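Next come the structures, one after another.
Paired with chain B in one complex and with chain C in the other, chain A is shared by the two complexes that follow.
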Partner chain A sequence: MKRSNAFQFHSGTSIFHRLDPLSKLAWLIGVSLLAFGAYIAWIQIIISAIVLMTALALAQLRPLEIIRSTWPFIVACLSFFIIQSLTLPGTHVAFTIGSLRIYVESADYALASALRIYTIILSSMVFVRTTDPRDLAIALVTQMHLPYRIAYAFFIALRIVPTIESEIKIIRAAHAVRGVVKSRSVVGRIGEMKRYAMPLLVGSLRRASMMVMSMEGRAFGAYPQRSFVDAPHAGPLGIALMTVTLAAVVAWYAALMLGFVHAIYVFAPA
Partner chain B sequence: MSVGLLYLIVAVIGIVLAAFAYYKNRGSGVAIFVSFTLLEIVIMAIIGVINGVLGTPNAMVGRLFMTFSGSYGFLAFAAICGGFYIAGPLCGYIIRKPGAATIAETMNGVAQVLSGNPNGIMVLAAGFLQGFMSDLGFAFYGYKRWTLAVLALSGALAPLLQQIPEVYFFGVGDMGISYNLLALIIRMVSGAVYAIILVKPIAHGLAKAGVLRGTAIAKDQADLRVAAQQRA
Partner chain C sequence: MADLVSMPLQGDALWLVPTAGGQTSNPVADSSSGGAAAVHGAAPLPRAVEPAASPLIDLSGVSYTYDGEVSAVLAGVSLTVRPGEFVLILGPSGCGKSTLLHMMNGSVPHILNGKLEGDAVICGKPVATTTVAQFATEVGMVFQDPDSQIINTRVRDEVCFGLENLCRPPQEILARQAEALDQVGMAAFGDRSIFELSGGQKQRVSVAAVLASHPRLLILDEPTANLDPAGMAEVFAVLARLNRDFGTTIVMVEHRVDELADKVSRVVMMDRGTIVFDGPPREAFSSRRVMHSEEAEIIPTASWFPQASEFAIELAAVSGEALDPASLPLSADEAVGFCCGRRFAAERSGASPSSAATATATPHHPTVPLLSIAGLNFGYDRDAPILKAIDLDLSSNAIVALLGQNGSGKTTLARMLVGINQAPAGTIHLEGKDLSLLSAREIASYVGYVFQNPDHQFVTDRVDEEIAYGLQVRDYAPDVITTRVDDILDVVDLKRYRDRSPFSLSLGERRRLSVATMLVLEPRLLVLDEPTIGQDHERAEQLMGLMQRLRERYGTTILMITHDVRLVAEWADRALALVNGEIAFDGTPLELFNRADVLQAAGLLPPPIHAISRQLAARNPDSGLGPVLSVPDLVSALMATAGSALA
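Coming up: the complex of A and B.
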């Protein structure tokens, strides 16, 4: 599976697929808040493990699928870990590589920092992979009382996003046919971005305006309210997930504020 | 003075600017809540979402950049932050109605969260705040002036409140007042520069391509073309 397809809805029958979008959105926000609470490795390991187990068990994503979909992020997080472990200062030497000293504090902070980034990316992937954008738009209207025209516009935009990659390939091919050589350098790639941005925007807006015309032709927006045949609603499982997430966030920040847990690594001297 | 106090002052400045914009426009015929057409909402969504999706890899590169640059990373990253603020001034300039920049930037934030931005849920709050402040840049002129200076103001104001949640989440508050103030100034300059360089060419290019029909900028451009033809 290509990474471009990773952050895109795939239908399924997992527990997360069956949950309503807003319960999952609350879970996503909760994970983000938990992950940003502290820069300590053991805490981030626990949060990462929980999110990974959720991806494997509740969203039924295969391990190989997760690795293939997020490998650029894994490489980036490993880079963070190595660079920060090597460069950050510390007081307690964990081990040495030649003349290079690796400190306990810096390695701990670096691991926490890298895991935090990966946790957030993985949780976003779980949400997007298991949530139909149409259900999300409907839930925003029925459960969060957002004006339905805004929710539907967002839905249109989300539908166009997965086509961006293929659109870029078409533009690149069109440029190649006309003799524009693909650049390998960073400066060249920035130039390419500039060349691609305009046709990409024009193409997306053109398709969107066609959709708008079609929708308005069917009297979309004629009434201030809109009804839905199959509106998602929070079931017992969704309510349980939201309650657990909220309780975890409140307990976590209370522990941080009351000083039961330190927000940054504190190495106890022997 | 502590960094907390500095950001409290920044927040107060933001609120005062919002109140100033409100009182300036009160009674001048500029409504605060203007309805958008479906096409306008879709334009805001498309620009916001595309900017958001493209912003996620940029945020990843930014994180690497910050890691390589040590304590100066946040400052160095501030220089390219203007790219993240572009959806607000661009939509404000195209649609020319109160709230356009705010809605576009909020959608930008949602798209970034959904596409796995490593900065997590913080980008949602940041998106709303930068859009709101971008809107104020246009509100100061009653949504009637569309010069480069107004665009620069809109871009420069974007990071004013947006930096507050970022400072908390990135933990750079401990770096001192001058460090934080410098980061804010660099972000404001970056926002202004990006807005000056990108907004007009993109907006006029899109209008020329005919995909903004029915928007304020398309009407403006059509009027200009008619006037030019009459002169010729």
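Coming up: the complex of A and C.
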């Protein structure tokens, strides 16, 4: 009975849950490409807004859930924004705080950078929350023709992450009961990991051995190929999403190359 | 996403599995349990048991030594199992029973490598030359922990997994998964997430996942070890039905014999790698034997006997009657029938019926207040409370059992007592001090916590350092540490292993070491999280004996989270039942087992001896009999019925 991890699959009925994994993967890659290519704040604001609307409307994530799951990233992005705004050089002063001058160019770039990180985090969360790792593995086999043993290895790795995460929590709790104090220094953290390693390794080996026996006992790997029930495929909605994403990426990079994009600063000069 | 897709099959070649002789065969079509009806998705017909049919398991003089080990874990084992049998394998931990099971689907020697000697033939295929995957259509294997063996995240996907690996057409796969889910009573669960299921439901999915391939042989390795009594009953009911209605051959290792003894057709007992008994259950449980633990200590087999059988043996011994194995009861109902019409001599009684009936009913009233919980509500998410309005006082020098279904909040509550879960201010007090204001070390000086998996608690590389660790971080003087460590090593009988790595010990020894790491701090309250999971009854008894000594020596209160009702009946002074995060019952174990409504809500079953005594009391209202919790108490009460015949 533990709080579930926000960055793992939760079953649901939203539009994004119903989309096939590869369409969503294409969307995620497209959003990341757009975010990386956009160094101007207003573009990043638009991309972030679209991703946020996607999370709320198409993936049906609740606002509180998004904030609760991504607050460390929100804090990190805010810190990043403040530090960059204060330290990057610029020519036009946007405003002053005491004797500190905040430049239009530096604030704008800092905002774009911070939003870029958050956009990628949020779009990854949307993808992971709405995509069953098994469906992704099957799509890689049936649509991308990846060997099924490799796809399943990938799936099992994703499947086992929350279990290992939960086991680390239990080990940490068990060690705390023994009087082990959680270390804040890097050296202490390394020592902590060394202590966790043995029980984690023993547990993981036991679990891996059980999984192997469970899978081989049900003929996994007996044949070079296998059949699939409920293999996902790209429907009209998936194709539409991929088309729009591709069009947006092509359009943006073409506009960049052709010099159509002009910097319109979010922070106007004072 | 609901379309059916099949990977292109490369002609019939994909259907062919090489056999030992280098020939090829279609594994599904060859399976005797398959056949045309199964392939076309029709419901299977009940199969008759054919004792004369060729054996599914045929082992002759089989020995097995794991790679890197010197001594053989199996030594000259011979065993024959025919279609339709339901075989229960019993034996102390380390006797080789799991190795024997793993040999039945080829995991031994093909995954768990080692040296195999003798003739081992399963479903007509030699184990030495048949891979695990080649056994997939013949043998289905279910393990102890459903979370480790379930691969997929959705019920339907898990049941389809094996058939997909066998390249069956999607239509056939869907038909067979529906049939398999129906067989385990989960027809409506196909679209459910695995994570939404209870432990019992997950284990039923595991059974369905192997049934879908229509195996001729179903192998189960302690499938209910992690389940609460309700989950256990679900699984046993499904297995009994599969064997009775579908003729499925089942071989199973299981410690919980009370609910299983009357369902199996045969019992095999193992000791130190050999079979020491093989016969029908009544014969198996009619006389006591001596076996050896993993640490080579002598242990009585009576600890694995059904309580109903143990009662009959004891009753016969006290009344001086010879016990006919054919009349040995295996269940509570049979035990009641066993007593009917009998007369017992009063002069042999050691106690009056009234005292026997009420001895365990007397509530324990310890005097020193230790822990107080008032108005505790807790949940990881505000809209999903796990603990609701908990009010509880615990005093010193008591053994308290905390019971309830999986997910009822037992572990969450117990973890609040050691600060793993943050207690809301003012709700939990330890000897008058607010727990929320105490540091982790301060809490640890009052409360110890023994985790389910002892490996999780080890922080050093040596047994003695492991025990010393808690004292060292609390800055005890070196001479005090040495004295205390030596003392505790004696108490837990681990002195001879003091230089060894904790991870090199046996499970029972690791469990004792994890208890020792807490004992050395002399806590006022010791929490045991599922101390009997994965352990045989004898080992659980040893652990509780240790707890009893701790209680006598330090006045420690033991709070144990458990599903083991026999353990509760035998050792606990007080029982708490949690239902959906609320304390639904707080009283003596006898009072708890008298409350059918609480037992049902908490997913508990009373110990067989309680059911027997209650039924006898109800049928003989003037006999002075009443519900009791131990075999000696019931035998004494019966002997005091002054020679009147029981109804």
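The working rule: the second predicted complex is superposed on the first by the 237 of 270 C-alpha atoms of A that agree within 3 Å, B and C clash if a C-alpha of one lies under 4 Å from a C-alpha of the other, contacts with A are read in each partner's own complex, and residues count from 1 in each chain.
In this section, contacts are C-beta pairs under 8 Å (C-beta built on N, C-alpha and C of every residue); 3 or more make two chains touch, one makes a residue touch a chain.
From a predicted model like this one, the values you see are computed outputs, not experimental measurements.
Asks: Based on the superposed arrangement around chain A, label chain B with chain C as either clash or fit.
Replies: Once chain A is superposed (C-alpha atoms), there is room for both chain B and chain C without a clash.
Asks: Looking at the overlay, does A:Ser227 come into contact with chain B only (first), chain C only (second), both, or neither?
Replies: After superposing on A, A:Ser227 lies in contact with chain C but is clear of chain B.
Asks: So, does A:Arg149 touch the first partner chain B, the second partner chain C, both, or neither?
Replies: In the superposition, A:Arg149 touches chain B alone.
Asks: I'd like to know which partner A:Met198 touches here: chain B for first, chain C for second, both or neither.
Replies: After superposition on chain A, A:Met198 lies in contact with both partners, chain B and chain C.
Asks: Does chain B (first) or chain C (second) touch A:Ser209, or do both, or does neither?
Replies: Touch status of A:Ser209: both partners.
Asks: Of the two partner chains, chain B (first) and chain C (second), which one does A:Arg178 touch, if any: first, second, both, or neither?
Replies: So A:Arg178 only meets chain C here.
Asks: Taking the superposition on A as described, I'd like to know which of chain B and chain C A:Ala219 touches: first, second, both or neither.
Replies: Once the two structures are laid over each other on A, A:Ala219 reaches chain C alone.
Asks: For A:Phe80, is the partner it touches chain B (first), chain C (second), both, or none of the two (neither)?
Replies: First partner only, chain B.
Asks: Give one of first, second, both or neither to describe whether A:Thr245 is in contact with chain B, with chain C, with both, or with none.
Replies: After superposition on chain A, A:Thr245 lies in contact with neither partner.
Asks: So after superposition, what is the minimum Cα distance from chain B to chain C, given in Å?
Replies: 8
Asks: Is there a shared patch on chain A that both chain B and chain C touch, and which residues make it up?
Replies: Shared contact residues on chain A: 156, 198, 202, 206, 209, 211-212, 215-216, 220-221.
Asks: Under the definition above, what is the set of chain C residues touching chain A in their complex?
Replies: Chain C reaches chain A through residues 1-10, 14, 17, 102, 105, 107, 111-112, 131-137, 139-141, 143, 145, 147-154, 156-157, 160-170, 173-174, 177, 193, 209-210, 213, 380-381, 386, 407, 409, 411-412, 415, 418-420, 440-441, 444, 448-449, 451, 453, 455-459, 469-470, 473-474, 503, 517.
Asks: For a test of understanding, state which residues of chain A touch chain C in their complex under the given definition.
Replies: 1-3, 9, 11, 18, 20, 132-135, 141-142, 156, 159, 163, 167, 170-171, 173-181, 195, 198-199, 202-203, 206-207, 209-233, 235
Asks: Touching chain A in the complex: which residues of chain B?
Replies: Against chain A, chain B makes touches at 36, 38-39, 41-50, 53, 60, 63-64, 67-68, 70, 103, 107, 110-111, 113-122, 169, 171, 202, 205-206, 209, 211-213.
Asks: Tell me, which parts of chain A touch chain B in their complex?
Replies: Its residues touching chain B are 7, 28-29, 32-33, 35-36, 39, 73, 76, 79-80, 83-84, 87, 117, 120-121, 124-125, 127-128, 149-150, 153-154, 156-158, 160-161, 164, 197-198, 200-202, 204-206, 208-209, 211-212, 215-216, 220-221, 264.
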